[in-house]
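One chain, chain A, links the two complexes that follow: it is found with chain B in the first and with chain C in the second.
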Partner chain A sequence: MTVSMRRQMRNLPMALVFLLPGIVLFAAFVIGPMLYSLRISFFDWKILNPELSAWLGLENYSRALGDPIFRRSVLNTLAYSAVTVPTQIIIGVTIALLLNQKIRGKAFFRVMYYLPVITSWVIVSLLFEYMFSGQAGLINYLLRDVLAVIDKNILWLADPILAFVPIHLLEIWKGIGWVAIIALAGLQVIPQHLLEAAEVDGAGSWQRFRFITLPLLTPTLAFLFVVRTIGTLNGYISNLLITNGGDPLDKTHFVLTLMYEATFTRLDFGYGSAISYLLTVFIFIISIFQIRLLRRDVEF
Partner chain B sequence: MSRRGEKRLQHFITYLLLLAGVVVVALPFWYMLITSLKPQSMIFEMPPRLFPAEVTLKNYTEALGKDLFGLYFVNSLFVAVASTGLTVIVSSMLAFAFARLVFPGKELIFRIFLVGMMIPPVMLIIPQFIVAKWLGLYNSLFGLIFVYVTMNLSMQTFLLRGVFEGIPRDLEEAAFMDGASLWTVLWRVILPLSRAGLAVVTIFTFLYSWSEFPWAHVAIKETTRRTLPIAIALFQGQHLTEWGQVFAASIVALFPIVIVFVVFQRYFIQGIASTGMKG
Partner chain C sequence: MKPISKLISFMLAGALLLVSLAACQPAATLEPEGPVTITYWHTMSDPETAQLENVIAAFEAANPNITVEATRYAYDDFKPALLTALAGEEGPDTARLDIAWVSEFADQGALMQLDGVMPGFEEIVAGTFPGPLSTNYWEGHYYGLPQNTNTQVLLWNKEVFEAGGATPPETMEEFAQVACDLTEGEEQYGYALGGTYFWAPAPIFYAMGGQIVDEDITTADGYINGPESVAAFTMLKDLFDKDCISPNLLGGGIGTADGHATGLYAMIIDGPWMVDIYKGNYPDFEVNFALIPAGPDGTTSSVVGGEDLVIFEGTEHADAAMKWAAFLLSEESQKMMAEAGVIPTLSGLTGDPSIPNYFAVFLEQLETAQARVPHPKWGDMDGAINNAFQRMLRGEQSVQTALDQAAEEIDALLQ
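== the complex of A and B ==
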């Protein structure tokens, strides 16, 4: 490194110039709000007259933990992650493996599989709501008249368990393309000569996958796992639009639809903030735990 | 079976599976498209047809003529383009500082930025609302832009730092020898070499800002400043059964996104590989 270069790179005021716009925005719209929301969570917060807010200590938190609707929403959210993340990763990685061969029309497949990823949550949620509608929905028609596996229409959205069918399917359907693209990028950096050498030595395609591709893809899989887990725990827009957040009988809430309702419908800002803090801490712990667990095998 | 036959069979199965997948992925879109082309009387027809008996553009003319749709489209476009441009600039500057400059507390500051990737964005909405009001950004498209840029900073800075660190330093050294400043090095040397990574940042940020719902829903009350996701959700709420119009509006809203993706997609895989996102 030349002397002038080193001097430039150690120039503190210059570093500040590069950092400042980002830091100012981040402080104003992320760090500041995070701390503010922590404060709100200890109060019975009055949005119009904050100075009249009553200090509650940890009461909002204990109220959430003791609330059966909140507990149910936690289970719903965990089930959502547990079902959709592995399914999405298995299907998405399979598609990436298929696309990573010498085939024609790669660009076409790439665009098609990515189409759901780029479509807004609002649009696809409404679309799935319409497809799963109880009366004249496409899904009921396919199941009843085409496949003949049911004999009368299912009222998907009126049942606290079945309402999750469209919500889970939507998440899987929407996220596969993203998983596939990231996995494809991971596959393309696997050295071709390793696979060729193995083939020359007589390894079949399964063995090549099991002993070369899979181990070298592990960091990518780890990344996908962590990011999708965080993403699904934070999910709520589809639920909000499809079940109006909680219908029927507050049984289908996710943590964040409950938070959304508490805050923006009932204007219970303190309770809403406490709920989101509980979720954030949980996500933080889960992420660190996952990264630790996965790091044992791979270097991040 | 001969080795060639085996290869051919394998190819056949590959195409078969990929096409089956495409059918599953495309079916909902196809259904959305034909619903948008059906007259209202056939929206709840039984059985629902996958190939409409009668095609009309009435849903499009009605949905687009209604509720200032053109204005919402322009609002969305302005917000998405401005947010994407600003995000590229601000996160490039941050990533350059983290990748190349030496200053105290570098890794700590970087880690604080990474926290932004873990927190649920909705949790910030209430205090962001208070901040926006205080700064006079409530009911303003700039309120959306600033928040969108900030919400994207963590991820994009993380990605670009990876890209920049992958660029060999020789070129910069040559530029510094010629007396270039840090700015020149960033704009003239680093960024042109990071095209694929920047394409990824552009796609992600544009998608996010074009489709974001919760913050826009809270931050904009004035009808004329709505963006498309809000307009579509509210429209569906008011016209519960007029699915044809809802989907006509949705399809128009999809266009810019598809264009941005198709234009940038050839850089996409390469770009993701260069960001180090794959692991």
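== the complex of A and C ==
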């Protein structure tokens, strides 16, 4: 044992004392409920009389996998991630590149791009719902009366596909600022001398971006990609407020809005818990793949 | 002091504290007559909540030992909030529940049986309307009291009707005619519904003779897809296809309350609370009510709404809770709430000079209005009808096919 290791061992009891509150809270409020809901997912759970719950084994899981509404909700959620995450990252990184230049009012622009991130989901969801109203919405007004590209109002929220337009746009708009701030941090650790050396060697601005900035930014991009994917797979509030969770015809559900409806509207706690666990497993697998795929060591 | 003696004195002090706390315990239980606080959860509107404070003050003045702590919830959050609280044994003593939920909560064993338990129960229910009272009945017992009732009637915009030279329709044939006469492209619609959930088309459905299930709630086949039900939805579907019904019912349009006041929707069907809503949002708008137009057999009908007062199983203050329940059903408190636009459930108050004039049309409509299916799975049945209505409006299925599918789905729920 080295001296430093011995010193660390001596500090261990004290470290445990300081860690204990965190561990206890984490166990009581995160791990405990998670395990409890795993148990619920194997029962036809009676919330008010748990002792009367009937054991179903994996029936809730097989029921979900065979349920067309659940399958549709999985497709909707995947489409949401596939559309919004790359768009958000491309626009966000572009903004970060612009903010990394020597321009006037940099701080002002940073604040403006970050503003959507800190606005309340509920308020902006309702705002987008009004903007996309089928009869009096701002978007219909622009398309019909200003741009004259449509001659009849579009009923955005009454259509199971078009209802996703405001939901996707809201997620992109709200996430760009966060992506830009993280990407900006990634850009600022790239050593200036590398870029200067490339410039001396005759590299143009595109070549400097393509062969120096982009490779060195890969860890940041991987991080953004993983975190935003997990975030969007957990999409919930905007859908619940804009489509009421599933309207029309249960075709616009996300996995989590369906989980909420099953659990708290129809009181089917077992089925809702099974849906939660299916989503958890799915996110876990996707995240492992993403991290494997994108993890490359970068040396400056 | 040495550290060890410090520790001992600390422990001694702690032990003494525990002993003194334990000594306090029996003193508290010796006083069963002492002041109790009961909780009451509800989903009232702003004017109703303001008036509830006066009702509580009157109750507390008459029962100085009881304090009522009222908590207001948003309607959409109420069920999850109530359930999680009950599951965690933190639920209220009493609550005002949507009439459609009572059988569901009673089925879960959450509600206290009132018949044969509550003092004066027989006299109280004898004075109430039978329709609202029936929503408290589940498997042989009463699990609540009808706290307030309501129904939906026709609202017609006078300006639009006068400009179009129309009069309020009295039959469904006239209704269909007027709806199309008062439609002008996308600028004005004769009629609008708030959505496709059953509550919206229910008055027309019942007035046309429609039924969801048989009387004993055993099957929907031959009822929700029977000829009268099909005729009701066919009329709505035809009006929708002719653009005489606003497309907002499919989702994401202008709400019926705003659209009616601004003249976009000539007719809507809604409840007594509209008077207060318009008073706040459109003070200059003149609200006009009429009975739901009569169906082919010449009778009008509508749907019964409202809330029931329930006491939760396992409450520690059952006596105080029952006193509070009896007070809410008293003429005194029912009259007070009527001032805030709440229709009383006591039949003796019909024609009482203290209740607002516009209640007359609602009380007349209530004589023929019907309750939705009192069944724990009603929420899922509502969903089945909602989706059938959507499919027929979108032209995905014929009216008959859509309702046949709804009948199958409801029958599966009844097994």
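Before moving on, here are some points about what is shown:
Assume the second predicted complex is superposed on the first by the 285 of 300 C-alpha atoms of A that agree within 3 Å, B and C clash if a C-alpha of one lies under 4 Å from a C-alpha of the other, contacts with A are read in each partner's own complex, and residues count from 1 in each chain.
Just so it is clear, contacts are C-beta pairs under 8 Å (C-beta built on N, C-alpha and C of every residue); 3 or more make two chains touch, one makes a residue touch a chain.
In this text, all values refer to a predicted model and were calculated from it rather than measured experimentally.
Within the superposed three-chain model, A:Ala197 lies out of touch with both chain B and chain C [touch as defined at top]. Using the contact criterion defined above for the overlaid structures, shared-chain residue A:Phe264 touches chain B and also reaches chain C. Of the two partner chains placed around the shared chain by superposition, neither chain B nor chain C is touched by A:Leu214. Of the two partner chains placed around the shared chain by superposition, neither chain B nor chain C is touched by A:Ile150. Comparing chain B with chain C, the partner in contact with more residues of chain A is B. Within the superposed three-chain model, A:Val122 lies in touch with chain B and out of touch with chain C [touch as defined at top].
Within the superposed three-chain model, A:Met131 lies in touch with chain B and out of touch with chain C [touch as defined at top].
Contacts of A:Leu48 after superposition: chain C is touched, whereas chain B is not reached.
In the superposed model, A:Ala15 lies in contact with chain B only, and not with chain C.
Taken together, the two structures place residues 135-136, 264 of chain A in contact with chain B in one case and with chain C in the other. Looking at the complex, you find that chain A touches chain B at residues 1-2, 4-5, 8-12, 14-16, 18-19, 21-23, 25-26, 28-34, 36-37, 40, 94-95, 98-99, 101, 103, 107, 109-124, 126-128, 130-131, 135-138, 141, 145, 173, 176-177, 181-186, 188-189, 205, 218-220, 222-223, 230, 233-234, 236-237, 241, 256, 259-260, 263-264, 269, 272-273, 276-277, 279-280, 283-284, 287, 298, 300. Residues 46-49, 129, 132-136, 152-153, 155-158, 163, 243-244, 247-250, 264-267 of chain A are the ones touching chain C in the complex.
Per the touch definition, chain C reaches chain A in the complex via residues 79-80, 83, 86-87, 104, 108-110, 186, 196, 246-248, 250-254, 264, 379-380, 387, 390-391. Within the complex formed with chain A, the chain B residues making contact are 10-11, 14-15, 17-18, 21-22, 24-26, 28-29, 31-32, 35, 44-48, 89-91, 93-94, 96-97, 100-103, 109, 112-113, 116-128, 130-131, 135, 146-147, 149-151, 153-154, 157, 169, 172-173, 176-177, 179, 181-182, 203, 207, 210-211, 213-214, 218, 228-229, 232-233, 236, 243, 246-247, 250, 253-254, 257-258, 261-262, 265-266, 268-270, 272-273, 277-279.
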